[in-house]
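By letter and in written order, the chains are A, B, C and D; residue numbering begins at 1 in each of them.
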Amino acid sequence: MKTNLKAVLTGTHTLSGNEAFIEGAFAAGCRFLAAYPIMPAIETIERYLKRSAEVGATFIQMEDEISALAAVIGASWTGKKSMTVTSGPGFSNMMEHLGLGVMLETPCVIVDVQQSGPSLGIPTRAGQGDMMQARWGSHGDYEVITLSPSSPQEMFDFTIKAFNFSEKYRTPVIIMSDEYVAHKKEKVIIPRADEIKITPRRYFKGQKDKYLPFKRDKDFVPRMVDIGDGYKFHVTGLTHDDKGYPIMLEECQEYNVHPILWKIRNDTEKIIEFQEIGTKDAEIVIVYYGATSGAASKAIKQARDLGIKVGSLKLDTVWPFPDKKITELAEKVKAFVVPEINYGQIVSEVERCSYGNANVVFVSHGENGIDNTEDIVSAIKLALNEEKIKKGIIEYQSQTGRV
Amino acid sequence: MKANPRDVNTGTYYMDGDVAAGHGALAAGCRFIGGYPITPSTEAAETFARIAPKAGAVFIQMEDELGSIASVMGASWSGVKTMTITSGPGYSLMMEIIGLGAMIEAPFVILNIQRGGPSTGVPTKTGQADMMQSRWGSHGDYEIIAISPDSPQELFDYTIKAFNLSEKYRCPVMIMSDECVGHMSEKVVIPPAEEIEIEPRRFYNGPKEKYLPFKPDQDLVPKMVKAGDGYNLYITGLVHDERGYPITNQKEKGKRQQFPTRRLVDKIRLNADKIIELNEEGMDDAEVVVVSYGISYRVAIRGIEKAREKGIKVGNLRLITVWPFPDKKITELASKVKAFVVPEINYGQIVFEVERCSHGQANVVLIPHGGAGVHNPDDIAEAIEYAVKEKKKIRKVIEWKTRLEKFVFEGGYKLNK
Amino acid sequence: MNPIITAFANGIKKSGVELSNMVLVSDIPFEPEIIKELGVDFFHITRGRAIAFGTGLKLGNPDLKIVAFIGDLMTLGGNHLVHSGRRNMEMLVICVNNFVYREIAGTPAPSVSPGFSAFSTFEKPFNAPHLANSCGAVFTARWTALHTNDLTNSIANALDKRGFSVIEVLSPGPNFYKDINQIDSELLDFYYKNSVTKNNEDTRNVEITPGEKIITGEFTDKEKPTFIDTYNAQLSKILGDKFIPHGGQSGGD
Amino acid sequence: MEPLRKTEKDIHPMDDLLRMDRIPHIWCPGCGIGTAVTAFAAGLAKAEIDLTKTCIVSGIGCTGRVAGYVKLDSFHTTHGRAIAFATGIQVANPDLKVIVFSGDGDLISIGGNHFIHAARRNINMLVICVNNFIYAMTGGQVAPTTPLATYATTSPFGCVEPPFNIPYLADSSGAVYVARWTALHVRRLTNSIAEALKKPGFSVIEVISPCAMYYSRINRLGDGLDMMKFYHDNTEIRHGEDTKNLDIGFQTKIIVGKFVDRERPTYMDSYNKWLSGTKKD
């Protein structure tokens, strides 16, 4: 499937992460944005509006984030690729409708430009404190696909990927950006429209009266139709059968919800992407994602200069988590070093998957912004010197320590 | 401090869990509930609405869950003990303001009677799928305490405990019950007021001008005052210093400094040992330990009995407080036992914590259940049997194929019959 | 200092309410120095929830005097506003309206700021006094931030009232959803000049429409039992002696 | 289950408009929602609009189940968010006619914000709000429409909050068409629905409905028939009445009729006008 030429700004540009995201969305075929303005995601809406007339895309500023995501889910059923952008506080408000998106199996994309939290936190400061929330924030069982870009270029690429995933698996996909990536201006190369792979929506093509909105294909993903095409379908957030009719029985709950998880869990190998550098001979592997990438790659270089064998694993998709990869690495390496701009979230996943085979050293950026190369280098040294395998996460205490 | 006799309806009753929680809240000294009706938690609100006016407490039904949790936050700072009552979808709506509560360190309790999810799911039937949400549902880093009662009596007792913990640590405390317990009618004994221990609010008693709203005590918890007592409070959901003033200075931000948010996680993490309450049985020679909480615990007992009849040595670990998670206990057990079996009414939440803390020393078997019902004890017994026999160390959570799953996807289950 | 806050400070003095009982709830951050100068308690909370938070404060301790500053143009918090109006929850809501009206009295506004204001303008904003009035507010008024004396008087009047009062203050910001300390003064001046004061005007007629002047003034002033009045009356009627009114300074046990 | 209609003779004119495979429905005997749905189906037929381009969205609650019984593209969404969901549908595809069919608690309490904002924006949709004065699905809690001093399970000593006057709220937020009927006024309700379906902009029709199971039972008002008799004796049709006079007290007179019918540019009109303006730049 090819994209609208006007929507793809082929060429080399200098764009911020927020701007690159909108370009990516247009290139991916997104034509509907509903949002409520919030720092630090505002520039996305400005960019969208600037370009919306020539692309032919629709925007509505809703009264809050709850309604923004509700509108996005509604719009998606009209056949338009839809998305919303927000930051931590807004993302928290969206939690109920994230569950609705999962239950109605509606393709849509949510961007969370993370700020420093909790609550109002510091709106102008980067954070990575919403990572676990993306996975667990709504009630009930569900699986999400979460991408974590670390640069404007990745923001562009991952946005297209996110829309493709959401169409392929009929699920909300979350892009976990952050204030740093969102405002960083860098070169972004936008390829020609025909070079961009777009996954089309999985439409049902059969007799109108035979359509069942939740009848699953072999890969557990059901097929969609648009509102107004005469299928007269019904969908509900209640536990439902293939027809979309509610049935309040535990058998139906199993029938309905378990496959929603399977469609992601059984396909993790195809979804998970990471960038692995120098892990073959590594003693220490740094696991990082998103905004910490800059400091992490600098630290790796410094440590290599010191003669330490450091490898790196950058997670492009954070959820589903690359369990197998970490387990496999844990058997080979001495320790993992995990820098995050929070007080320990993804690091506990690394701990879980390392099965006591490697130490896990956590470097909290909580106190130090994104630029803490020195801390990471010291943590690498600490990890190297630790002979015994410790039970539990070793938290690296920065020089100043806890005040 | 003892409970006020006015608040305690002493006696022996036959009541359901929701009603018991309503009585528990009043007995604990709760003076304000802002709620919004949602199945299956409504009876708790109704009970409180009925008994509150006779004890000088107030119930208000707000316009939505966002309103009810925000009003609870306000009432908490006005100096009274507060609670809100909800279930899954309402709980999801509250997420943003739960973060505010953690940030402004307002003591409050949330009663979440879980139901089948996600989204609207199965409103009238049970589930345990909000467990991770209670820990991670709001953005940013914070810590909470979560308690999981397994009977109406416990919904009374642990509601009081929840209030006590929230006053002690000034943090959100979640009572993560479920529809089964909430709608289960059993004998509930409400003791006399003098037998109920109440944690008073940690009020500040020094000179007014010296008061700093976020200056922590030894145990990292600051002291509180009431709004309107002339302390000239400045409380914000932004990151703030000890005075409560927002940290806005750009230079200050870049510098190495302790972020006050650090304390929000530390005050729970460092006090975890004091908070955690577990119930263990048959651990001494156990080969397999069943880890469960809430209603699953009561079902697990039957499964364990069945396994023991076959001569298997099974230990039974019940998590009364689910958060903070008993990392140390699980790690300690992992080195002694072959495997953990975790039955929970979801498709895998707390089991990952068990997996994390077992550090590869014991296998971890999950017995999932999507909700709208409870486990079949035979599944638990069979999973225990399997776990004992499994020699290999398996590097992932072993998901047990339950009878229900087999019946629905392989057996003769027909929809729309 | 921001003219709204100055007016507020003067309003407090004029009304003679006790400062130590006053709690300010806002979804806009205030400078700590200002709060210190005002000598009141201050809560800066999640966007849009100031009124609901104030409801809790008031019911937790009915002796408090609650003032809620809302700066989100009643978007997130619209529901709390209408419902609190219906309940007649005793508090003063100062709604800082920083919506940028592009065209008033037939002429386009002088400085059209870039950014957020630019695109929302095709939407009709709420007629805030009318919405508040129709939901049951006992006092409604609208001023621009430059109507310093009028605003001060209105704030003082509203503080003396028992019930849900709403004052809309037009205070255009250079950027949508920024704090109230940033005001586009040129635009504000333009608003001021293009406004006409009509006290006691029917709130139906005070909509801000392109091509017409902005109507300012005090529109509603009525008496109604507050939520707590109704609550206490109804419960003592039904329960008699068994009813224990909650709250007050003694209620915090 | 046996099909309800066995022979061709049994075919009912509503069969095309309702999901007969879901009948029997969940509503209690004496409830007025079924009547409202019948009136709605008749209104759909009468309006002669393209039913494939029509869709219906409901929230949660007794009335929230309506979407599941109507044979249109139908959505049963989360509590209070039906209007927000419908806004997304309408704005993304303006060719569609969206109907929001939900209850008072859903639309006015938790969804109050979306209600007033959609009215302000004048989104092209028809909102049918069934008002039974109570939260019935959860078992009879007090609602923002419950009249003063009325009993409900969360107001065991009588409701202490004045109720909303829904037509007034809709009117003052900017709705272009506002009417109120009871479940007794089936023919007028049908006509009203047919009329509103053709009206561009935000239209609100309030349908007063008996709740025999909770509202009537808790307040000892008899069964559904008794409520119908009450409506018969105590309603008065006053078209064009000022919406501020439409308050409803406990068992007081109910004024019904069509109160507002005016013209305002819809959201999409303003949006397109603005969009064509920016294109010139």
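FYI, a contact is a pair of C-beta atoms (placed from the backbone, for glycine too) under 8 Å apart; a residue touches a chain by one contact, two chains touch by 3 or more.
From a predicted model like this one, the values you see are computed outputs, not experimental measurements.
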Each chain counted as touching chain C and chain D at once = A, B
Pair with more cross-chain C-beta pairs in contact, given A-B and B-D | A-B
Intercentroid distance (Cα basis), chain B paired with chain A, Å = 28
CA centroids of chain A and chain C: separation to the nearest Å works out as 39
Euclidean distance of C-alpha centroids - chain B vs chain C, Å | 37
Where chain D touches two or more other chains simultaneously, the residues are 76, 78, 109-110, 112-113, 117, 144, 157, 267, 271
Could you tell me which residues belong to chain C and also touch two or more other chains?
-> 44, 46, 75-76, 78-79, 83, 119, 123, 231, 235, 239
Touching two or more other chains - residues of chain A = 63-64, 66, 89, 96, 100, 104, 119-120, 236-238, 243, 245
Based on which chains are in contact, what kind of graph results: line, ring, star, complete or other?
-> complete
Within the complex, chain C is touched by chain D residues 109-113, 116-117, 120-122, 144, 148-149, 157-164, 168-169, 171-174, 244, 267, 270-271, 273-274
Quick one: which bits of chain A touch chain B in the complex? Just the residue numbers, please.
-> 66, 88-93, 95-96, 98-100, 102-104, 112, 114, 116-122, 125, 127, 129-130, 132-133, 135-142, 236-239, 241-243, 245, 247-258, 260-261, 323, 327, 342-345, 348-349, 351-352, 354-357, 366-369, 391-392, 398-400, 402-403
Interface with chain A, chain D side, in the complex: residues 19, 21-22, 52-53, 55, 57, 67-68, 71-78, 81, 83-89, 91-93, 95-96, 113-114, 117, 267, 271, 275, 278-279
Residue numbers on chain C that touch chain D, as the complex places them = 75-79, 82-83, 86-88, 119, 121-127, 130-131, 133-136, 204, 227, 230-231, 234-235, 237-239
Residues of chain C that touch chain A when the two form their complex = 44, 46-48, 75-76, 78, 115-116, 118-120, 123, 176-177
